[in-house]
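These are the structures, in structure tokens.
In the two assemblies presented below, chain A is common to both, partnered first by chain B and then by chain C.
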Partner chain A sequence: MKQRLTIPRIVPWLFLAPALLLLGTFALFPLLRGAWWSLTNADLLRTDAAVWTGAANYSELLSDPRFRRAFFNTACFALMVVPVQATLAFFLALWVNRPERYWRWLRTAFFLPIIVSMPVLAVLWTMLYQPLRGGQTGLINALIGSIGLPAQEWLQQPHLALPAIAFMSVWQGVGFQMMIFLAGLQSLSRAQLEAARIDGAGAFQRLRHVILPAMRPSIIFVMTATLILSFRLFAQPYLMTRGGPEDATLSIIQFIYETTFLGRELGRASAGAMLFLLLVAGLALLQRAFAREVRS
Partner chain B sequence: MRAMAAAFNRAHDEEGLAVHLTFFPDFQYTEKVSIASAAHDLPDVLALDGPTVAQFVDADLLQPIARYFTDEELADFAPTIRAQGTVDGTLYALGAFDSAMVLYYDRDLLAQAGVTPPPDFNGWTWDEFLAACARLKAASIDPVAMHMDDAGDEWYTYAFSPLIWSAGGRLIGDDGRVEGVLNAPGNVTVLRRWAEVFARDYAARAPIDPNPFGNGHTALDWTGHWMARSHLAVKGERLGAMPLPRMGDRPVAACGSWCWGLTRDARSPDLAALWLRWVTDPVRGIEPIIGANGAVPARRSAYALFPDYHAPPFGLFRHLQETAGHPRPRTPFYPTLTRHFAAALRDTAHGADPQECLNRAAHQIQNRVNRHHGSP
Partner chain C sequence: MKRIAGWLVAVVVALGFLLPLLWMLHASFRPESAIFTGGLKSLFDFRGLHLEHYVAAWRRAAMGIGLLNSLLQVAGILGLGLLFNSMAAFALARFDFPGRAGLFALVIVLIILPVEVLVVPLLLTVRDLGLVGGHGRTLAALVLPFAVKAFNIYFLRQHFLALPRDLEEAAIMDGAGPFRIYWSVGLPAIRPALATVLVLDMLTHWSDFIWPLVICTREETRTVQIALSNLFTQPPIQWGDILACAVMTTLPVLVVFRLAQRHIVASQLTAGIK
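Moving on to the complex of A and B:
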């Protein structure tokens, strides 16, 4: 026993070293570099000529209507996606939570969009959303036309483009949340559910008084994970609408990307990235606080 | 390109000189160059897109190249190619090929609708173009493909700026002024008239088919030299080509393409320039490249090697290059300019107010220019 306690103090650090080295090189160093650039006027093609400008990038960005628009769009997207996706995923999980083998196929079907690459799905959905023209009609317009509703230019109208992208994103991501809920449901105590049934609780009562309270940790995890993921919105609008029409689908990430690679304004883009980091970190902290409260 | 490098290396074997090519995807271009620049590890020579020359000059990445060519050789390059590589009077880049935009047409489909194409090398005015579209539409033929499915920004600026230039407008002033220039009343009128093509459903706003003309669905195709071979193969004698319709008095053609520059980090510029001379040499560089990509030769003397370029459609490319070519603006802010101008075109095509779209674009580009000059 005594021998174990006399391990030199350096040993744990040696074990930690590979991970620390990787984290330091690929996470901490770029982060600090970005933080430094955000306080300069760094040009992407001439980073060595960067001049300290203090908080100028931050104050300018916060008063830039286009940055605020990108922020607003991303928040709207999150507000549309998070509740719908989580609710849908929950009910899908309840539906496919059956022991019979053939239900597995359905679970796989719902999960499939997660593993297909986003650019492929973006092209596919752009076709599905095709506006009506001559013989060319997207499936979605054909479907709503068959129930007597007028065809829409889903991705071309400023008020429809973001909801259309949110709808596609819900479809794409719902399988992942469903799997988390499914894991939660399968760890529920069968005895408790049996007892509730014997006591005469109906399906709705069992859901409300047994399933939902037990699933609370999964629900909180899904809500916050979806929230953070939806703030990272980029590929769908970039590929489907290029941030348009009229900046209606411009996301924070696209704003940062274009500021870097089109505008070459690395300093300004880094400030945008830092603000984005603060936002996501804030959301993550909020989640932890909330989860702790629920647990206690 | 690999065969050209191999030929260069064989020819310079005794001097111990060799070219090593590095290829990377288009979308990683700025990223790779900026990393190489920060590490002072740029290649000796760099291939770059014509409209981006000015931004690399602004970032001090290129060096002047005129001294590696004789005056006679320089005069042999098409004026459009010299112009796209020249920033503030200094030549920084030259290429082996140019590009051309035309309006292809299917003679049979036009005849079915009773539309007569203009004589060779002549184009329609905008009103004549709209009238032709109306007759085609009335004959139940989809009039024109405008390729609005293109995901990139450059297509829109490249393909439709000639309308603005033909009406005497500009995208950016010489002094870098954008507000009041890009959104000038003349440009707003051009966009408003351009959008009629979509409002009247002469062209699809959101097409799926990337080649409706080649597939026989439209009678006209608003596109470039790169479709000439495939259209000829499909249509043969039925294929015709005319300059793009013009909004003003003078016909203006889009032009410009990838070219080569000598970087700041080139250790032996004299030796590196040998490659520049090789790729732009009519026999060693231009002939194999044009043979592969079907573009427009960048040097007048090279036309002797291409008999095709004496008759349409290829002859039209040459005619346009010599008479109507207009390079895109040479400004360090070109990527920002093309991003916002393309958005204005896309939004206008979908029914937004052109004045508002151009105001928004001009404002965004002007902000970028002002930030560069330290006056936010």
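Moving on to the complex of A and C:
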């Protein structure tokens, strides 16, 4: 006989109360305030004097060359990071997918930069990218110098700064994507792979006809999750280049941050934040659509 | 022979991958004037290594108080989060009540809300609530907005749903109430999921940057990340001190991760796929 717990109607709400209270106060309420300010000319220091301006902030932003630049930079960053990181992570996962316990250290090695915080790594890579000054230079220039290439001003050149930050970000995040692929690989049935091997399928054919199709959900998850993460770019350029040189590494988030705290234009900054939210929500919907397509 | 070659390749690739971190550790002990000299060979140069950068960084960046602030911040978020998220998840998984579907939909929507969107209105909200300035207030402002996390509620709910009902039925027969069932049957049964959430949240919040950047306005309320970024941006720039500060910022989380590593089950990470 099934035992059902009969509980007073208030009980579920008691369980939910702390979470609802905090989410309401610190997520929903600020979100609504931000949405409201985005439609006004609010000033950071005098929010109560805000006057309704409709969609003016939005139309101004969309034609603001600096906001467009920030969007362009962030999109470029995402386009550099996502494919490279996912491909690298995939092959790393294939490589470190070994059942023996004594191979574990290799996974840990690739996972290590995830544990180190982004501000630490941003500071560290600024030093690694240090340009040549009076005979002294960072490790990167020293390394490429040892194979005969000229030293570069990685973070001081507009065309090199964003790729340099993207390279460092790929290095930082590849271990996490590798772990997700690894989980996917481990759920792949050994019997299937063995059968393909017995049928005489080579390594490439096994990859193409057995591994890749089975890994589709993981691949889609990694690509879309990395895409969203890359659009949230902030700490690296903020610390390494301050968004420069010549706005070459200005990210969307830094644009919003500066508009708020340097320009005090709360309304404009809020509109920027809402546009950013729209972008992230769009990407998340894309992710769900892909995931659904894979399941069916 | 082939095995040895495989090992050698793995060791060389791993060392190359970790080169930046090895360089950071080594350079933090080198004399200031030698940090940007010698290239790769400098890693094998052990002359004149000293601890002075650590002493100076500890004092200049107020690392003692910074580490304490970060520790309290992460402990607060993890502790409150563990309780509040799992309670909400349990209610969504196990109780039938009007409005449940709507609440669950809200949780799903909130998962995608990035902190960067909230920073500015959250700062003004926190200010309106009087949570700025001193130590306790800043700590509350660091912890309270991020203790409850929609993804964790969703994630833990999935794990509660997967539990067999028999466990609870036995407890109900013994006369246990809903809170007893949650506390002594539900929570222990999803321990692996709780451990995953704790480890991932620890990594996330130890690295928190943009929120502490706007909220920690006084030296005595700074987290380690803000202490580091101040050392890095405010002259005079002492590279050795910055490196020592970076190493000290990393060590605690590295130690905790090493201890908790066996609780990270790779398969847990993929819960988001389904």
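Assorted remarks:
The working rule: the second predicted complex is superposed on the first by the 274 of 296 C-alpha atoms of A that agree within 3 Å, B and C clash if a C-alpha of one lies under 4 Å from a C-alpha of the other, contacts with A are read in each partner's own complex, and residues count from 1 in each chain.
In this text, a residue touches a chain if its C-beta (ideal position, glycine included) is under 8 Å from a C-beta of that chain, and two chains touch if they have at least 3 such contacts.
Bear in mind that the values here come from a model prediction, so they are computed numbers and not experimental data.
In the superposition on chain A, A:Ala183 makes contact with chain C only, not with chain B.
Of the two partner chains, chain C is the only one that A:Ile114 touches; chain B does not reach it.
Residue contacts after overlaying the shared chain place A:Glu265 against chain B, while chain C stays out of touching range. In the superposition on chain A, A:Ser169 contacts neither chain B nor chain C. Judged by the touch definition given at the top, the superposed model places A:Thr249 against neither chain B nor chain C.
When the two structures are aligned on the shared chain, A:Arg46 is found in touch with chain B, with no touch to chain C. After overlaying the two complexes on the shared chain, residue contacts for A:Ala27 are found with chain C alone; chain B is out of touch. More residues of chain A lie in touch with C than with the remaining chain of the pair chain B and chain C.
Judged by the touch definition given at the top, the superposed model places A:Met127 against both chain B and chain C.
Residue contacts after overlaying the shared chain place A:Leu239 against chain B and chain C alike. Where the contact sets of chain A with chain B and with chain C meet, they give residues 47, 127, 130, 133, 136, 239, 261. For chain A in complex with chain B, the touching residues are 43-48, 60, 64, 66, 127, 130-131, 133-134, 136, 153, 155-158, 239, 242-247, 258, 261-265, 268. Across the interface of their complex, chain C is touched by residues 2-5, 7, 9, 11-13, 15-16, 18-20, 22-23, 25-27, 29-31, 33-34, 37, 47, 103, 105-106, 108-110, 112-121, 123-128, 130, 133, 135-139, 142-143, 145-146, 171, 176, 179-180, 182-184, 186-187, 217-218, 221, 225, 228, 232, 234-235, 239, 253, 256-257, 260-261, 266, 269-270, 273-274, 276-277, 280-281, 284, 291 of chain A. Residues 30-31, 33-34, 37-38, 55-56, 59-61, 142, 151, 153, 201, 204-209, 333, 335-336, 339, 342-343, 346-347, 350-352, 357, 360, 364, 367-368, 371, 376 of chain B are the ones that touch chain A when the two sit in their complex. Chain C makes touch with chain A in their complex at residues 10, 14, 17-21, 23-24, 27, 35-40, 80, 83-85, 87-88, 90-92, 95, 97, 100, 103, 110, 112-114, 116-122, 124-126, 129, 144-148, 150, 153, 165, 168-169, 172-173, 177-178, 181-182, 203, 206-207, 209-210, 214, 225, 228-229, 232-233, 239, 242-243, 246, 249-250, 253-254, 257, 261, 266-267, 269-270, 272-273.
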